[in-house]
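Below: a set of structures, written as structure tokens.
There are two complexes below, and they share chain A, which is joined by chain B in the first and by chain C in the second.
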Partner chain A sequence: MADKKIMDEQNRFIEGTNIEKHREWRGLKDTWYDYTQWIKLLVIVMKFVAISPFRIARGVLEYRWMGSYLAAFNMRDRCMEGLRGPALQVANEQLNTIMSATTTQIGQMMKGDRRFGDNDFAKKIVLLEQTMPPEIMAGFPNLIPIPLEVYQGLLNCYMDQNACPFYIDVMENAGLPADSCRLSANATGVAINDDFPKIGACVIENNMPCDSSTMNSQVIDRRLGLPSLPAEVPMRWEDRNTDKYSLVQMKRIIKFVEDSTGEKFDEQAFWDVINRHNKEVSNEMEKWEFMQTPYSPIGGTVGALYHATYFTFSGGRNPAFVKTDEKVLKIAKDCYEQKLNAFPKARHRAIMWGGPACYWPQFPNWLYNCWGILVVAAMDSFSGNVTIPTTSLDDALVGIARNHETGVMRRHLTGGWQHLVEFWGEAEKFSCDMVILNNDITCKGALGLTGVILDQAKDKKTRLMMVSNDMFNHVTISRADMRKEVNDYMRAVMQEEPLDASLCDYDDYEGW
Partner chain B sequence: MNKTVKTLLILGVGGFAATLVMYWFNLDNKMIYYGVRPLLNKLYDKQKRDVRI
Partner chain C sequence: MKDLKHLIYFENLLQQADNELVEQGRKDGKLALGYTCYFVPETLLNLPGCFSTRLRAPNTGSIDVGTYYMTNKICSYTRSILERGIEGGYNYLDALLSSETCQMMHRGHEHFELLGLVKNNPKFFMSMMDVPFSDSDNAVDHYEDQIKTKLLQPLHDVYGVDISDDAVRKAIEDHNEISAIITEIGDLRKLPIPPITGYEFHVIQLVSEVCPHYLVMDKLRETLEEVKKRAPEKKPWFRARIVLTGSEIDDPGFTKLLEDCGAMVVADRYCYGSLPGREQIEIKDGETALRAVARHYLRTSQCPRFMETERSTGRREYVKQLVNEYHADGVIYTQMKFCEFWSYERVLGVHVLYEEMGVPTIGIEREYTVTSAGQLRTRFQAFIESLEIKNIQGGNK
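Moving on to the complex of A and B:
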């Protein structure tokens, strides 16, 4: 049954924005808890500023994308909307870890930015192009792997829906194709606008078989002016004969990093990171066991975001993720033992699939609060998750390549059609009665299979709801457009009424 | 000693009250959305960049 306190929820917001007049009342206990977590985030931000106060201030003034991170507190609030009790605790634990890990790296980028004066710290950074997991750098404890593009596109888009259209316009004004994947288009715009920080000793680029990715790699490469190496990791990873090629590539990357930085591969440090990576994976598998039951506090927006974050930013390097997992698993275990329903408004359980609207990462919160649809897991949750063998160095290197090959975007969107439709099986495994398919209008890999998926849906009992988005560009398909698609589907197909009608249609176009 | 305790107490209670008001009325986000970000946007829009490929 709906919580009366969140009915008419939209009236808590200032018209035309997504700025709250006041924060959400969750009952005394949960509101107090949320306040303490807000204070924690305040401390995380202070620690971030302390990394290099002067350079970070200059970064905010210099880079448009940095300005978007000022919306971090708002982003946190949106991710917590409608959550109570253990679900609120899990989301806060995970989101604070995400904030801490990412702000540390932004601080490091500013600290090493040659634009604000050259220093040795810049040479400690190795840039990894999108989708490249940091395990590749496991044997270099003195170097800092930092993902390129993610900080100037994905994360700031999560914070502020207005962050990316500017860069996409820059890219299109340069005469480059307007139907490119928005992730790549944005990164190209950042490169053309010279808005990447001037950091790093070298860049490891990926070989994503995507027209947009190829384009952005080339433009970024020209702008950065750093030694670069395309990691030619096989796409057809199911054929074990490709392992020998991936091993050669892994060794090539290690040699390239050694040559570019003067650092030597440290096998002991390598195993420490790999063991922690394996712990992250086993924790994820344990979380899935809880998530398959009705008594799980893990779900909604933050769960999948957390997975994508440790895949992209940690890869076994950051011990904070394992510590957070332990706390989350304890909450999940308690919840399960007490047979506690942490999402009491849920009428449907759903898997979310396909390239999401990054300008509305809290779409799952809205689905839950407005229509009672609990998003149990999202496509990114099923990326990577490879337990890396510890039998020999060669086996481990092949395992790292496999983690990359099955990683974010690679496995499902460009890794073969059969992986794009894995969601039917996953929905069954997680006891879902619904699949929400993100119809990303510029992802040609996924769009090519839309017809096949629609045909498959006719034979399935699981409901399929398609919701269009333009990934980083809210100008073409706004959040309101997405809400309308869901509202129409829920009313016409499911014959249901919303839990909170005030959330069905509202204006947040100018908001973050 | 008493003076130090008193000062710490006032700072603690004052800090708590200030952050609580800031939290509840969402003053952090309102300040950034209506105050800081528009100024930054003006600054960003004035920047000249060499956008040749």
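Moving on to the complex of A and C:
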């Protein structure tokens, strides 16, 4: 029987919700540190409100999705569950940077929202669809690139599992089948419900990562009524013959932005941002060096989230990410030099792959706390990471296109089957004995290789655990369903018992 | 109407992918080049010494193995093609030319490589093209380059196929010849009482896609003459004229089901249909033959993956244009279940056609095989009845 008496962590929560009765006790030092970081988040939120208090208040009342951000504190606490010492410090440093960058942009959206009165600020914003990296806007320092769908979908879902089913229902009521990708369906539902802020001088649509994204752009375009241009980068991105076309596309975007905003491309500003982008990439590579050792404090939920965030929101524009990287690398270096095991409960090291359950971003924390499975890295961490050449403007633009082509989800779902199964090699590189494959039931690009992956797994020593999810919709596959799949696998296949049996099965269906 | 002389022969040719004309083509020493997507130009698969064969999986039964490999959330067309490939149904192929245009079919074709599905032909290869999402001049440049490097060059390198400008011109002549016949037959559907049914046309169109052109051309020409002279019924045998639009339909049984409910399919705007597909390729002054092919296929395609606003709205306008040209009473948007492209296109198309253009339109989801015929029949009957009532009441002028 498992050590229920020792841990019993789930009893810290009000039954049926995921609301804490009291904060997690981590020992005096770590509990105090965590509390100060919680206060830091409070300051970040206050700074956010200060951007435009009246408009932000109106935004909360106007937009259904805005209310879900009130759960940010809960989301933050859940991401820290079970972490101690340097692992806790790294997660806090990274998450606070995420919160700061994203709340600033939400504030900017509200500040420029024409729904609350027209102003010049709205014209400074250029909307980028989905998880398109913003590097192409590097030469426009006076403009603000803001991702269009992420705030009403991805991040929103991280905060509150009940946020997206409403918009998905809107789209299904319009006739879209329930098997369609939830990410795209959600964004289209937001558009149909007229819940996107009315901002921006223009919008750059794109074809990443997949068929549904290509299609939902066309519906959203009809609703936004802004000048638009698709940034259509090639699918067969490993084929060097496609570079010429990518370059043309990048130049078209620059001209489109110039024409739509009246701004001129500033090459000096461009190189500043590109150099910072390259610094972000080199920092990531340095982090990987540590993550491949047993003495890394980087792991669990926040690492991959951090990567996806700077990929989508910064792209070299926001200096805070480089500063945070420096702090994280220092902590990692100290940890390595002291041969400190930052995740002492870990029994397995795992790579997490595939489209995750965005309604449970803290799934890796749960895996660690319940079963001792440390998620060392996730698929999103392996997206982008392109060092953009600085040899000429054309070379740099091709590099930007390559970064775009290999972006979040796009890298692994397009360009050939070999990219989706890269996890075997990455698991070996990061000394993992397990791959956790997120089986997103609407992701056709991934589902199309299921049998091949299962066949390959038979010949591998690395264990493959498939866990189903419905990406943005917890109604079809709940967190409890996911827990059950893991519990069954760990007991039946791995013949193991949980570290904390109280976490195996509990009800959080109604909670954030 | 009197039965068409070659209809049963044509129907029999559609009973299996490896039909007697495909076998004959192979015996004649020609290369059998498979494809599924419109973006792989059929014209270029009919270069001298080759013939095109658009893949179908007729008489599909169980697709359990295909489902194991791709799960049951992938479109049944892709799974059926994969299943048939695993069964050895495409062993006659010398190459499979493909494009990363739709995710599911792209994955399906990858299995030909991954599982080594075509046996007994060590030279068999599968090649995958990148296809742009717009039709600008730069996009045509890119598409032309991809055709060159991913389609023509491998054919030349592996099989020594002549890919010269003259050879491409000859292939265009072949395309234009067969397309002229099919178009002339298809245009007869515009008449008030057409001398051909939608089902018959569907069979003829499919035959022109799956068989070697040089072996079927004479019978198609003969059929054209026959249809031109054929006496139509005195009164319309149908109660409503329908434009059928949507994703892949390679089962004439589907058209038959619809026509059995009282409709006539006057226009076939779907993958494997003739609109687009059977237009003439024109080589402009100073243009290479290959450029003409690339331009033609990119600019005639009605695939939903074209994202630009003009192309997106243009698709609905094209359907409306078909409604006018073919004097249709309504439109049916069909979508293969799980198809991401056509699920959105269906939703948008039905909304725009019905709400904004005032054309009676419905959208349906379907499987590759007509397994849910009962449900479909009920929906078709209701739609046709509503169109009929509208006509009686003079609402559709």
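What we mean here is this: the second predicted complex is superposed on the first by the 501 of 512 C-alpha atoms of A that agree within 3 Å, B and C clash if a C-alpha of one lies under 4 Å from a C-alpha of the other, contacts with A are read in each partner's own complex, and residues count from 1 in each chain.
Heads up, the rule we're going with is that a residue touches a chain if its C-beta (ideal position, glycine included) is under 8 Å from a C-beta of that chain, and two chains touch if they have at least 3 such contacts.
Just so it is clear, the structure is predicted and the values come from calculations on it, not from any experiment.
**Student:** In the overlaid three-chain picture, which partner chain does A:N216 touch, first (chain B) or second (chain C), both, or neither?
**Tutor:** Once the two structures are laid over each other on A, A:N216 reaches chain C alone.
**Student:** What is the contact status of A:R236 with respect to chain B (first) and chain C (second): first, second, both, or neither?
**Tutor:** second
**Student:** Would you check which partner chain A:Y245 touches, where first means chain B only, second means chain C only, and both and neither mean what they say?
**Tutor:** The answer is second: A:Y245 touches chain C but not chain B.
**Student:** Among the partners chain B and chain C, which is in contact with a greater number of residues of chain A?
**Tutor:** C
**Student:** Scan A:G27 for contacts with chain B and chain C and give back first, second, both or neither.
**Tutor:** neither
**Student:** Based on the superposed arrangement, let me know which partner A:T17 touches: chain B (first), chain C (second), both, or neither?
**Tutor:** So A:T17 only meets chain B here.
**Student:** Between chain B (first) and chain C (second), which, if any, makes contact with A:A174: first, second, both or neither?
**Tutor:** both
**Student:** Going by the contact rule set out at the top, does A:I39 touch chain B (first), chain C (second), both, or neither?
**Tutor:** First partner only, chain B.
**Student:** Residue by residue on chain A, keep only those touching chain B in one complex and chain C in the other, then list them.
**Tutor:** 174, 219, 222
**Student:** Which of the residues in chain A come into contact with chain B in the complex?
**Tutor:** Interface residues on the chain A side: 17, 19-23, 35, 38-39, 42, 60-61, 64, 67, 70-71, 73-74, 77, 170, 173-174, 192-195, 219, 222, 511-512.
**Student:** Hey, which residues of chain A end up touching chain C in the complex?
**Tutor:** The contact residues of chain A facing chain C are 174-177, 179-181, 184, 188, 205, 207, 210-212, 214-219, 221-222, 228, 230, 232, 234-236, 239, 241-242, 244-245, 248, 252, 413-417, 441-442, 444-445, 447-452.
**Student:** Enumerate the contact residues on chain B facing chain A in the complex.
**Tutor:** 19-20, 23-26, 28-30, 32-33, 36-37, 40-41, 43-44, 49-51, 53
**Student:** Show which residues of chain C lie in contact with chain A when the two form their complex.
**Tutor:** For chain C paired with chain A, touching residues are 68-71, 73-74, 78, 100, 102-104, 106-108, 110-111, 114-115, 128-134, 138-139, 141-142, 145-146, 149, 304-305, 307-309, 312, 335, 337-338, 340-341, 343-348, 350-351, 363, 365.
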